[in-house]
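In the two complexes below, chain A is the common chain; its partner is chain B in one and chain C in the other.
Up next is the complex of A and B:
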């Protein structure tokens, strides 16, 4: 080949490689940006006075005196609203059926939305659900609600060739020249005094349990559940995996049976994770009856089976990669086989084994399908360590899915969902980072 | 350590000008004996019908062209060949009169008696101290002070003590190639073996390190029975008392090094040492 052609080939390969890397970096940024940005919203957000009230009443956090002053302040700002509503209700009472027919439905819709924004209206019974006992606790949700109060959302279907076109009309037009019309102007001007939004850093999001199906509170049960499941899986998979790897690499030799065994282990790594989940349900729970229904233990065992092939193969590779000369040296000094493995081969293979463990740990933390049938529930308390033997737990991976698909008011708690995603990603990244650091330390020590 | 310069040494293999050891005592008793000894890899015999006795306390060199079975024979002495699948032996190989391949032989205690230094330096990825202490430790010594004494003594024997005494905790892989090989020698003598096997111990080293290893062999002579396999005929002539010449698995000639290199009994030996083949 001509020198010119070779150079061109080299250059084009470089270009393609760089292009691929840039593409991946860009997509990573595009992927991570909303996770980080919106996930941070679970921790740092503007809270309204309702949130401070909730914190005080439900959890006893914050200064009672300060919050009470704020409540008095906001009550004063809200009073004209309530007065206007009372006046309009009286007007309706007197106005006769025609008046009621014209405004009844519109007013009750408005009243409901105001109750959602500000919390229970004066004279209302205290509702059962916590979410109805308080107004909007987050300023971003309050603004969305406020927008809904100001504008009526309508769809225009007049053009058959187009999808319905959204039109927003001021709600005040519905109540034109009634006594409640000034309410909208008043809200517009005083909404901040009524809610007192303030930037807050809710670091306890990680360590609080959730209240009222994730409407309030944090994700500690999920974090803890993920932690238990991943660690439990490692507890079973690591010793079993390393012992198997030692057997395969040092004792098994080369027979038909052993190569069949290797093939089986490799194929096991390719089995879809949902199949492992069903296997866990059928084997650990239904057959072995290790727990009465789902439990963290059953989930850990299932996850252990999922990561076992990875641990075995990677550890075996690591053991086989240890130079034969180390083994010879140890043997020539009179070390037995077992001693050689423990004192020379395993320490030299430690980096590789550790890598496989950490990768598996990250995988076990993130897997969803295997725990659906074996360990995960949508809401739960943080478990003590002995409770993991018999009780199920929520976990980040499964609850991200669960919140997105099953929650009755998913739009209201998007921040929780993103917070969970951010936490899970951070956990896995942190694990991998630890792995890289430990690996670097050990291989530096080994290289001298 | 003797500070023999390279210039003191014979420059070439030209017959007659090599100075041999004056203090040869061939009346020593044989320590390792082979009698009709074979080693097979599968169906191929790598060592065929080899019979000769290696006397105690001397340096015996095994020379021969590549693939002649000299390393195989050496590794048969501490049964390192056991690690190779499909390897089996026939005939008799004895140490101190005891058959090494008898079923009741404990390989671990055999290897404790027969130390080995390999072609490529192969220290463990551990500290210098732990490398030397490894052998005594696996044989049950735990006393830290005693271990320290053994480590110092062994490193002194390997002429490495002065270079590493201030950094015994450093990783052994940080040493130079020659230092690593001397460390391996120290590691081997730390278990106090009777026999030291050396499989081309200097072939991966530069000339300076090679000469230090050769000096060491001369110093250890008498204390240990040393069997050295080498490609380098000058080396065999310089360090050994006795020389065995192997060719295609057969023992062609065995005798005093002086005699082998000056008046070889066989035509093949002469052709080999004068460089006509090999």
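Up next is the complex of A and C:
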């Protein structure tokens, strides 16, 4: 090949390599961007008057006087809507069966949607479910509902080679020249007065329990459950892991047994997480019967097995990083082996071990598969610490899956899902960041 | 050796100066007990592994006793909840294989290139920036990747799938084909005599680039016209899994590349090779076993991953038609275990419960074997490199 081509190849190789790195960074950004942006929407959003009503009646938050003023204000703005509806209902009564046939279905659909937007209509019985007792509490959801009220969605399948095309038609056309037609124009102009959206910072999202299958409220039971599970796992894994690491680093030589042990540790690290879950179910729950069905304890034990290899490896590294001179100095002063380990090596390796614990904690907090069969439920109250021995708990990781796939109204509670994802990611990344900072400090110290 | 000398002098000193016989015996007994306890605790991971194997096998055996081995591995009829249940897991095994292959196709080229960049190309200061990016990718929980795949990526794929695919293909293929045309025309030019070389190069480059442009145009049209019925499919799961497996591939192969000595690189440079030639012809061949181990570990990560495939792959237990059609939903072993245990758990002892353990057994054996192989490879390469 000519020199020019070789140089070009060299340069393009470098470019492609850098491109791979950039692609990796970009995928991280693409992944995190919607999580951060929409996750923040769970905490900072525009609430409607319905949310303030809910806060007052359900949780006793906010000032009653202010909310009542707002309620009278919005009721005044809503009154024409209710009046128009009443007028139309009267028109239907009079219009006879042909009229009813033409408008009956459309009207009841409209009525349902208005009730979802504004809360129970006058004259309706108080519904059982909390979600039906209030209108849309979030302005973004209210706008979506409002859009549905204004437009009828239809799909056009006339072209068989393409997917159905969405077409939106104004709903007012359905009610042309009836007494309810002006309703749409009125809504258009007065929707803000009817809902009074206001920016709010709902920091209690982290500390509230959830209401009505996560429609309202926060994620405290999940956060707490994740804490219990992860901390419980570390409670079992850390002592075992550190002792094993001490053995491997300080006692073991190069015997057959030690190499078997090392193979076991790396195999354990390679076992798929879902297999840990099945093992936890078969061993801790079905065989040992440590609890009657799922429990946080069983989940923690399962997770402990999962993070054990990580703890061992990182702790061993930390112990091996302690300069040999420390050990030699201690021994030359007459300290025994144990004494040296306890009073010299472990303190010197402590920060490194701490890093390993922090990283494993993050890993345990994020794992889902091992806790599906052993610890996680989809809805639950926050547990007291002694209840973790016998009761299951919701956890962030499991509930993200559960709410995103199995919930009855997945789209309605998107913000809760994103809020959970953001909380989990923030937790895990903060833990890792701490570990990175500690590690940077250690390496600085070791460099002198 | 050193240790023994210390211990020797230590005990000598003690016996001469410090302790009576009784204390010595106590000490020795204490040390013996301590060592035993230490070894027992240190074996906890060995015990854990044995327990896992025992309990998975114990619950997997009844399935093979009831239903036999053949149906499980050869039939594609998966109807576990019917009255006359059928447990043909072939389509599920194929699904796992497909997704893993896809993930490897995404992760390995990108991962190895990134590792090369980290070990040889980027300056030290940039490395300090890139490393945390990789660590963050590794730290993000799998359910978050799954959530992204389901909520963000799947709708995108469904709505703009065709154009997304064609843009992606162009991003990868355009640089590759430019380099390919450059190299090919150079090689063709070299066959001609000195005088006509330049003309031959230009002519062949022109012909080749027209051909490549035509091919790319057709491919682009084909991909752009594709209709993706469901955003949750094998492609989605493969891409996300590939990104998840990236950190493993990068860090293990970077270790392998760093283990290749400076002397080899410098020797190659001294012979006049460019950096790309050094990397491709010297460093990668020397590190190939380590890179192979990285690939195996990446495969393990992809096979054993649950949440992403459960959320992103569509969970349809059938073999895509044709088999490389990544746009169809598929189902994997891990997702089947996760999804079916909820219902099967109530009927402990039924074939439906035990079949999931049989699947877990397959996963376990696969993980164990590939881990063993990668260990062997790494150990041998370490010995070779000295």
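Keep this in mind: the second predicted complex is superposed on the first by the 412 of 448 C-alpha atoms of A that agree within 3 Å, B and C clash if a C-alpha of one lies under 4 Å from a C-alpha of the other, contacts with A are read in each partner's own complex, and residues count from 1 in each chain.
The rule is short, and it goes like this: a contact is a pair of C-beta atoms (placed from the backbone, for glycine too) under 8 Å apart; a residue touches a chain by one contact, two chains touch by 3 or more.
It should be emphasised that the depicted structure is a prediction, and the values quoted were computed from it without experimental measurement.
In the superposed model, A:347 lies in contact with chain B only, and not with chain C. Once chain A of one complex is fitted onto chain A of the other, the partner contacts of A:309 are limited to chain C, with no touch recorded for chain B. In the superposition on chain A, contact of A:256 is made with neither chain B nor chain C.
In the superposition on chain A, the chain among chain B and chain C reaching more residues of chain A is C.
Shared-chain residue A:326: touches chain B; no touch with chain C. Judged by the touch definition given at the top, the superposed model places A:166 against neither chain B nor chain C.
Within the superposed three-chain model, A:125 lies out of touch with both chain B and chain C [touch as defined at top].
Of the two partner chains, chain B and chain C are each touched by A:334. Contacts of A:445 after superposition: chain B is touched, whereas chain C is not reached.
The residues of chain A shared by its contacts with chain B and with chain C are 328, 331-332, 334, 336. By the touch criterion stated above, chain B contacts chain A in their complex at residues 78, 80, 83, 85, 108-112, 115-116, 118, 120, 122-126, 134-135, 138-139, 170-174, 184, 187-188, 191. Contacts from chain C toward chain A in the complex involve residues 6-7, 10, 13, 34-35, 38-39, 41-46, 48-49, 51-52, 55-56, 58-59, 109-110, 113-114, 116-118, 121-122, 130, 132-137, 139-148, 150-152, 175, 178-179, 182-183, 186-187, 189-190, 227, 243, 246, 250, 274-277, 279-280, 297, 300, 303-307, 310-311, 334, 337-338, 341-342, 345, 348, 356-357, 360, 363-364, 367-368, 370-372, 375. Touching chain C in their complex are the following residues of chain A: 1-2, 5-10, 12-21, 23-25, 27-28, 31, 34-35, 162-163, 240, 243-244, 246-248, 251-252, 260-261, 263-279, 281-283, 286-287, 305, 308-309, 312, 328, 331-332, 334, 336-338, 359, 362-363, 365-369, 372-373, 397-398, 400-401, 404-405, 414, 417, 421, 424-425, 428-429, 431-432, 436. Contacts from chain A toward chain B in the complex involve residues 253-254, 323, 325-336, 339, 343-344, 347-348, 445-448.
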